[in-house]
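Look at the two complexes coming up: chain A is in both, with chain B in one and chain C in the other.
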Partner chain A sequence: MAVETTTNAVADREQSTRSEMPTTVDDLRRSGMGDSSLPAIDVKDLKVYYDSEAGVVKAVDGVSFALQQGERLALVGESGCGKTTLGMALMKLTKAPGYIDGGQILLDGRDLVPLDDEEMRLARLAEIALVTQSAMNALNPVMRIEDQIFDGLIDHGIKDTKENLRSHVYDLLLRVGLRENVGRMFPHELSGGMKQRVAIATGTSMNPKVIVADEPTSALDVVVQRQVMMTLSRVQRDTGAAVILIGHDMGLVAQFADRIGVMYAGKLVDIGTVQQIIEEPKHPYTKLLINSVPDLEEKRERLTGIPGIPPPLVDLPPGCVFAPRCPSVEGPCNELEPKDTDIGDNRHVMCHLFDPDVAMAGSEVA
Partner chain B sequence: MKLPNLLELQNVTKVFGGGLFNRSNVTVAVDDVTFAISADRPTITAVAGESGSGKTTLARLLLGVIKPTLGNVIYDGQDVSGMSGNDRRNFRREVQPIFQDPFEVYNPFYKADHLLHVAIEKFGLASSRDERVQLIREALETVGLRPDEMLGRYPHQLSGGQRQRMMVARALLLKPRIILADEPVSMVDASLRATILESIRTLNRDLGISVVYVTHDLTTAYQICDDILVMYKGSVVEQGSVERVIRDPKHPYTRLLVESIPQMRADSGWEEGGDEVLSIDESGETTGCKFADRCPQVMDRCHDEHPTAFQINDDRVASCYLYDEMPIANRAPVAS
Partner chain C sequence: MTVDYLARRIGMFVAVIFVATSFNFFLPRFTGQDPIATRLELLAAEGVTTRAEDYAALIETYNAKFGLDRPLVLQYLTYLSTAVRFDFGESITKYPTRVSELINQAMPWSIGLLVTSTLLAFVVGTLGGAVLAWQHGPKAAFELILPPFFLLAAVPYYLLGLILIWLLAFQAKLLPLGGGYAPTTLPDWSDFGFLWEVFKHSLLPALSIVLASIGFWALGMRSMMITMQGEDYMLQAEAKGLTKARAFFRYAVRNAVLPQTTALALTLPHVVSGAILVERIFGYPGIGRVLYEAITGFDYFVIQGVVFIIVLAIAFAMLVIDVIYPLLDPRISYSSA
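What follows is the complex of A and B.
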């Protein structure tokens, strides 16, 4: 009955702070979405910096975007452009020397940035959950799968009979396509794909409003990757959660997401629907990125990566961060920082070529 | 007269654990694989398959760092396990690896170019310090790195792609005849992937180096390779020209692989469809086709005996009973 005591103690402690949190399995099963007029997540001018010997690393520098319930956004961009830093910050898991320097993370209207550690601990899983590439290695090796999910629920204040909790655990496993007998296994007995499904089951056990998935399948081969992404899709449809998928496999992203956000050197430089980004890339960086991805349609004479390397994120020069590598660079690019421009159809581009207020010879403003 | 093959595996099997006749707890990582890199012209061959299918084991066999349990690895007409002295030294220089995570091969306490200096010294490639530095600079430039930015930096100060290209530069210094690249780009983004693979392809085109590209990324395999070997649980299930195998896969496993590739297109449907519910079943040993428990076209006979390779086109074979009306492939290696 040790479980019962823990459950009560945790529940009592939390009663005063969060009354709207689900506390029973029934609550969980019912827990639908919040106010549907608000975006599931609304990120405003978020800044996440790291202190380093060389200076302040501006890994995420003024990123804004909003996601509706059930919407899937993919964040892409070269290695080191700040995707994981952003994902961790949304979970408020930023570790020193990193810190959130400013901005807001509104979940159903509530800002996560000012929350303290305990409030945030409860919000994780229940409101915003993370599935990472290494989630499968984070499983406790000496604990059965079902017990890990079970404990996770109790940890987040679910207070119910053992039978109800168990049956919920099995529902969760089934939702990610794993039979009951998998629950009784230990992590080392599962394949990578199965472990990643368990990570999805754990991450979504409290029906979060937002799921952040940081390269959830990059350690898996294509066949298993597809199965895991199908699983994530199904869970997403079941719970109505919004998903932020971080990755650099453009094929995967195109097949899974509704919208794509392109990051470069800590900034969200281009955001639009999958079709807009792939078929009509606007930002010069997006164009080069799309062009670097080969397909099975035609065999290319040359594979062309983007020339040059991303800038160090300390001491960024004035003007546009992409200027040193940009084939369309012009005078204003080296002095003036481009601003987020809405070019219609909810499409945003951060480049002077699309800003009616900046005089550029190659301007694409109609 | 036909040239001997540059490097070949003749009916190679590699068993880990237990010993060949102790059936408990053994892994047949590579199962009766025969394949050759021809000496006629420099080629790029892909080795594809899911994780655990034996790709790395195959690469290590080709490198001579592990010995086959059965069969032979032949380099320039000579059995690699019997090599000694000069022959072995030549082999070690002429067949160079590039690994998946280059961070592991760097010692964090030495500067990143230490590896390049060591390689030059080990094989006595330069007679003076100046010459050594010159060689290193040339090699770095060939893979698109700026020597002044790279030299003197510690491994953690380089990006993943830079570390990876340093490894390509190291391989290059030794003027090898064959490069074995084991998942050289699985950890890098699309842009760097293109850059690194293009630098590997340049080695093949301009310097005549043959490349074995181990990967599970069929799109890049299709782009840069001539031939491909698809492995499943240690066996080669389909083998031939990349054009044939990827554009028109015949083996049900290859088909599954190709279908699973997410393509960068705005149509959807890839993540929908038949989504199997998994449970643990110890299917374990099978005497028949290893793919039978997952094969949508499985037939009774598939459970009885492992299918042999059938010749489907002049440049492609597949080991599957669906093609048993085709002639049995003659893959017997040249008698030694």
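What follows is the complex of A and C.
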């Protein structure tokens, strides 16, 4: 599924990134998106495991996807499916006992997995930024907002006058719909929505190529949720960054994203455009997930859930991880692990029903 | 800062001092023990004999001299009016030395010894505890060095003092056994040799305080740092690609040190009371020893004087921390009192 990249292109790109490290606010303002031939982020067969007493927990198991510049991908799935683990792994913020067991995270052609601590530190914020799950507490309570944004810039080699830094921070704040004077405020003087906007301003302060937004609206009320999502949307358009939005609110996610990836038990089982996923869900899990979303027009007596619970990640069933809960389960599902199958239109499904190589009675292969 | 806030705090300051010094006046007087009788017993012990018929007259003279024959209320009013001018009268046991003179002589010794050792233990302990809890730091080295201090924190410092005297002064003869300076020297603060001697004499008492309290500060800081590292802003600091040093000092330590500062502010004023037991063991000429001797000799006026100074110091430290805390932690504002 990934766009092929040649070794040369990777080397060239690395060279140019190094020489173009911004050192002033002006450099930052000029820095746009580079070479558009490469995907902004290209994740290949990423595995994040946790060692536990009960065995190895496969929290993210062989996830692959690619995102073009300016593209917005939403990752959805129920609690514990590995969405947040995946997001943290993309930032290489996986904490022990967790570790990245294998795979590649190609950011504009450069693999992040083998980078050492210092190289990765420099890549964070400048190339890949995180907008965290609970931005309510993501700010240092004893520092002014602008100082917290300065810190990130200064530690990435931006040497500029205080006035220039400040005017940059004011631009960032204005872009997320906050007034300039918010910069001089302390976190406890802001509302939840304002803090979340500050988190977005901080995340975009160095024009990263990729923004990982991990449930950025989870702690907010619905009205503010919508405003924050619109802000994120506007900032994303302005900067041209690719966004990976992690969430479980299908409605909210569908409004924002271009594509949706559905995760189940550490695997990305279905990925396609918002329209494809919502109007013609392919994977049996996606179908059930879409069916469980309430509809404004259709009056239903009872919302349908998905029977059963996700399997324990230390003891995954052989074959397909969804087989125990799947309404279309057949013989091969309990023995053979389904492959990531491209069914056309850049749509990928991990299900035997769509794999031409597996004989299934209900096969949907044309 | 609002004037209102400051006025309220200062009002509190005065009220605390008034109540505490009043207690300090009445408590020793309600014990039923007689300082003059104690004084005469001491004299008798020194071999000064008094004829029985003179004894009563002597007590009367003494009582009149120190004003102890007057009604308690009048004594109390005199005490209040003189204490505000830092005049605590004359010592009963060391007559005619004035109480203020005793305090003035002892205070520099206590403050010099205790401020230095308390601040040293605070800085070393707090930093050590912070590094011990820091996931990205040179943890291994500190895991070896600090735990013995946790053990020492559980040992009372006077016991530690005795062990140190036995090891370093008695057995190894590296340092003097006690005192502020050698009994044969005359104090001369401009003489370098004398200063060196004072330094050597202060090493053991300082060491016993520092060794016993590093663990206290380190444990407090360590647990605060562990809490801080679970905070979302620490994850955010890492996601922002901050250098480890900045994340450590300006994000983790900066927040974890707040409760430590409160503890320090409450510990520091005790410096004026001296570490009574340490000064006693080391025969150190500090304020703690003055208070100890005053209590054993039932010297009302010295007790009143020393305790007044202690109360004043503690109340002042609380006033200072109330005024500066909003500067350390912006979440605390002057208006919400």
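In this text, the second predicted complex is superposed on the first by the 346 of 366 C-alpha atoms of A that agree within 3 Å, B and C clash if a C-alpha of one lies under 4 Å from a C-alpha of the other, contacts with A are read in each partner's own complex, and residues count from 1 in each chain.
To be clear about the criterion, contacts are C-beta pairs under 8 Å (C-beta built on N, C-alpha and C of every residue); 3 or more make two chains touch, one makes a residue touch a chain.
This is a predicted model, so every value here is computed, not measured.
When the two complexes are overlaid on chain A, chain B and chain C sit side by side with no clash. In the superposition on chain A, A:130 makes contact with chain C only, while chain B stays out of contact range. Within the superposed three-chain model, A:357 lies out of touch with both chain B and chain C [touch as defined at top]. Counting residues of chain A touched by each partner, chain B versus chain C, the larger count belongs to B.
In the superposition on chain A, contact of A:306 is made with chain B only, not with chain C. In the superposed pair of complexes, A:292 makes contact with chain B only, with no contact to chain C. In the superposition on chain A, contact of A:182 is made with chain B only, not with chain C.
Contacts of A:163 after superposition on the shared chain: neither chain B nor chain C is touched.
Of the two partner chains placed by superposition, only chain B is touched by A:220; chain C is not.
Here chain B and chain C sit at a least CA-CA distance of 9 Å once the structures share a frame through chain A. In the superposition on chain A, no residue of chain A contacts both chain B and chain C.
Those residues of chain C lying in contact with chain A across their complex are 231-233, 235-243, 246, 250-251, 254-255, 258, 328-331.
By the touch criterion given at the top, residues 77-80, 174, 177-179, 181-182, 185, 189-190, 192, 194, 197, 220-227, 229-234, 248-252, 254-256, 274-275, 278-279, 288-290, 292-296, 299-300, 302-306, 309 of chain A touch chain B in their complex.
In the complex of the two chains, the chain A residues touching chain C come out as 91, 93, 121-126, 129-130, 132-143, 151-152, 155-156, 186, 188, 199, 202. Against chain A, the residues of chain B that register as touching in their complex are 49-51, 159-162, 188-198, 201, 216, 218-220, 222-224, 243, 246-247, 256-258, 260-266, 268, 270-273, 275-280.
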